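Sharing a structure with you now.
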Amino acid sequence: MSDARSRMVARAAREIAPGMVVNLGIGLPTKVVNHLPADFPVCLHSENGLTGIGPTLPPERADRNLIDAGGAYVSTIPGSAFFDSAVSFALVRSGRLDLTLLGAFEVAQNGDLANWKIPGKFSPGAGGAIELAQKARRVVVMTTHCDRKGNPKLLETCSLPLTAKARVARIYTDMAVVDVTAQGFALVELAEGISETEIREATGAPLALPQGDIPRF
Amino acid sequence: MKLPDKSIAMEEVVAQIPDGATVLVGGFGVPGTPFALLRELARQGQRDLVLVKNDANEAGMGIDHLIAGGQVRKLIVTHLGLNANAIAAMNEGRMEVEFCAQGILAERIRAGGAGLGAILTDIGIDTELAQGKQVVEMNGRPMLVEPALRGDVALVHAARADCFGNLAYAATARNFNPLMAMAATRVIAETEELLPLGGIDPDAAESPGAFIDHVVKLDEISEEYGIVRR
Amino acid sequence: MSDARSRMVARAAREIAPGMVVNLGIGLPTKVVNHLPADFPVCLHSENGLTGIGPTLPPERADRNLIDAGGAYVSTIPGSAFFDSAVSFALVRSGRLDLTLLGAFEVAQNGDLANWKIPGKFSPGAGGAIELAQKARRVVVMTTHCDRKGNPKLLETCSLPLTAKARVARIYTDMAVVDVTAQGFALVELAEGISETEIREATGAPLALPQGDIPRF
Amino acid sequence: MKLPDKSIAMEEVVAQIPDGATVLVGGFGVPGTPFALLRELARQGQRDLVLVKNDANEAGMGIDHLIAGGQVRKLIVTHLGLNANAIAAMNEGRMEVEFCAQGILAERIRAGGAGLGAILTDIGIDTELAQGKQVVEMNGRPMLVEPALRGDVALVHAARADCFGNLAYAATARNFNPLMAMAATRVIAETEELLPLGGIDPDAAESPGAFIDHVVKLDEISEEYGIVRR
């Protein structure tokens, strides 16, 4: 993982407040747990029917019946619970999920999220993403600031099919921390070494700057 | 990471229930009724409550204390059969009563806990329970819209709990408890046994702790818990 | 229990076929199990969350957490299961309940049932009766043929609020076994000692008689 | 009274599935997928099936055998992410695919098992998953009608069963299994362990036997059951 991504992950870990129930999307979001203290009080939720996700295990030590929603072998911790898929999403939809950290293809300045389909190229189905994005109390995105071709992912409007409308509260990228406000994107922090000009060029919509010095992460 | 501790004292947790709250109350007859939480709610005297419960318990037990104390504005229930006091309070206009078919009450609460808007069902469609309800056509057949039901508070009774709030129930004391334990903004569980984390097997957590806000250890199992008929 | 009622109960027990899932209403219906052989394969359901109802127990041997829907202390048998109230009625509504035996205030010749409310006199709520009557695969009534004042309970139309419309298939009374057919009530069997005239007078709607001798029970 | 015995042989029970059947299939990834029942269904070759499953397994596993064999007319699923064969079958028009949000698929199946007509939800309302769906206003807000989903057959995988069909699942192998085990005309459970009556504690019967029609004891736990990633 690049240094900028590592710092993004460490910074995003501060989203998690004591006592929260949290769902971490596949990929970068799952890394944030490495930045939490061992006795930090939090409950991690996995869509396939588990609260209290323990450390991932190598195949030779794995329980064949115990995976997370991304298919990784995981373990339990004291107080873990198993439940069926209806209960699992009851938790998501009924307001019990305090926070979800998700990946994104595009985020619009009103908080629209597109992260499940690229028509004609990638349409495997949304799984649980729509419910996570639509119903978690706080929806936070972790993504590279631009796609592989260098095009901005933070846009005035999404061009791809939406996952959820106006639900993203904040975006962590390798370049910046950006809030979604009623007035659009607002820069919160800049990664070390990124200039104001660079972040404006890499962002596909107006970006409000904070008063005074821009904090760094 | 470690799962949070949610244990709390009875008096303190019941004090967080405001006047006017909608309160879901577990139990079917005696088993699963949170008698101690109800006693404390009667003692503290919150008013203007809307209670949701399968039945009205018997005279002198459970929610009858709240009804007798004039604390209940409205009761949503499946039947009052064993409590003449509750029937009298209804007939004399001291308490509003909304009747709901038993399994539909369970589903409305479950829908609330599942973050759904409503269920569509044909139950009661040819009866007076259908009166005043929104009707939707599905494939040419009329279906009743039964709205999801959530509480500001749920009071449930568990046989065993760990301090994160994973709950296990005993026998037919399960009934409405796991449904209500998903369907309120503040879910309060009283428990006969309070165990450390790991005390409830992950397969045996009939209510996952993530739905539960507070766990209260019962100091004693009072006489009410053992009474089926008097 | 009178002799006529005992014979009604014994006769009604023959409704229960091997392998059925059955819900027995409070009162007379619960007595039919006394007429089944010890190894008879059947599953009894109780609305409060139990399949596999075992014998009732005296208070001193009872489990305070184990009752049936009528509030009686019951027991388990090998293979019993406990579940919540939503699952309990899922079973009823989804077609898994093969048979319910219920009491009645009134039954109409089209199979309408009234058994939960007498306006102005008795309105304690229907509990689970509406779902049992509306959704059991076969709905059978057990009742005295007339009420306490001697008025017929089998009528052309119900005067009381309905529990379910056109769902009763058969009625067992202390005087007769009566089927509900597309043409109305049809006498199946007569209790010993009851005459054709008596059953016609005690029935508040036309009653078709079987061809030939009327079987007795 | 005694609870009925529902144990049966694999070949015999799968032979009762007709061409054209709608088949609910448990599992989320590997855990809880009834691989042995699916193998037998592939071997017997029933055609024109409508499958309902969380995912399409991986290439060469589970329902992929049925897709590869051209036995699947339509698949109702939440995602195909790990199975390129299934995506190709969809893109080439060899198999119709209906996508459903994961928790809404669970709720639609549960509603089928609960004898409800539909659920009302706002999930997906701002997305293309809402296209073509019936909309109902509730308190001025639009809600989607998501119809109950039932199978002619459900195929589920249990860790333990008794011969009446009470089922217990292992860890995250529970997933869709208990929901599907309520929602089909003929529910067929394969089980790693088959116990006599009394072998499953009444509190631990995650699927009550009254919902189950047939129980098949697995002779062996084949390699597929142990594979998460290859």
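A, B, C and D are the chain letters, set down in written order, and residue numbers restart from 1 in every chain.
The rule is simple: contacts are C-beta pairs under 8 Å (C-beta built on N, C-alpha and C of every residue); 3 or more make two chains touch, one makes a residue touch a chain.
A quick note: this is a predicted structure, and the numbers were derived from the prediction, not measured.
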{"item": "Those chains which touch subunit C and also touch subunit B", "value": "D"}
{"item": "Length of the shortest touching-chain route, subunit A through to subunit C", "value": "2"}
{"item": "Whole-Å gap between the CA centroids of subunit A and subunit B", "value": "35"}
{"item": "Between subunit D and subunit A, distance of the C-alpha-averaged centres to the nearest whole Å", "value": "30"}
{"item": "Cα-centroid distance, subunit B relative to subunit D, in whole angstrom", "value": "32"}
{"item": "Overlap residues in subunit C, where contacts from two or more other chains coincide", "value": "50, 82-83, 86, 89-90, 92-93, 135"}
{"item": "Set of subunit B residues in contact with two or more other chains", "value": "107, 114-116, 121-122, 169-171, 202-203, 206"}
{"item": "Chain pairs in mutual contact under the definition given at the outset", "value": "A-B, A-D, B-C, B-D, C-D"}
{"item": "Contact footprint of subunit C on subunit B as seen in their complex", "value": "28-32, 54-55, 77-82, 87, 97, 99, 101-107, 109-110, 121-124, 126-129, 159, 169-179, 206, 225-226, 228-229"}
{"item": "Contact footprint of subunit D on subunit C as seen in their complex", "value": "18-19, 21, 33, 36, 38-45, 50-52, 76-83, 86-87, 89-96, 135"}
{"item": "Subunit D-touching residues of subunit B, taken from the complex the two chains share", "value": "107, 111, 114-122, 134, 136, 138, 141, 143, 145, 147, 168-171, 202-204, 206"}
{"item": "Interface residues, subunit D side, partner subunit C - complex", "value": "1-5, 112-116, 162-164, 166, 182-183, 185, 196-198, 200, 202-203, 205, 208-211"}
{"item": "In the complex with subunit D, residue positions of subunit A that touch it", "value": "46-50, 59, 62-69, 71-73, 76, 82-86, 88-90, 92-93, 117, 123-128, 130-131, 134-135, 161-165"}
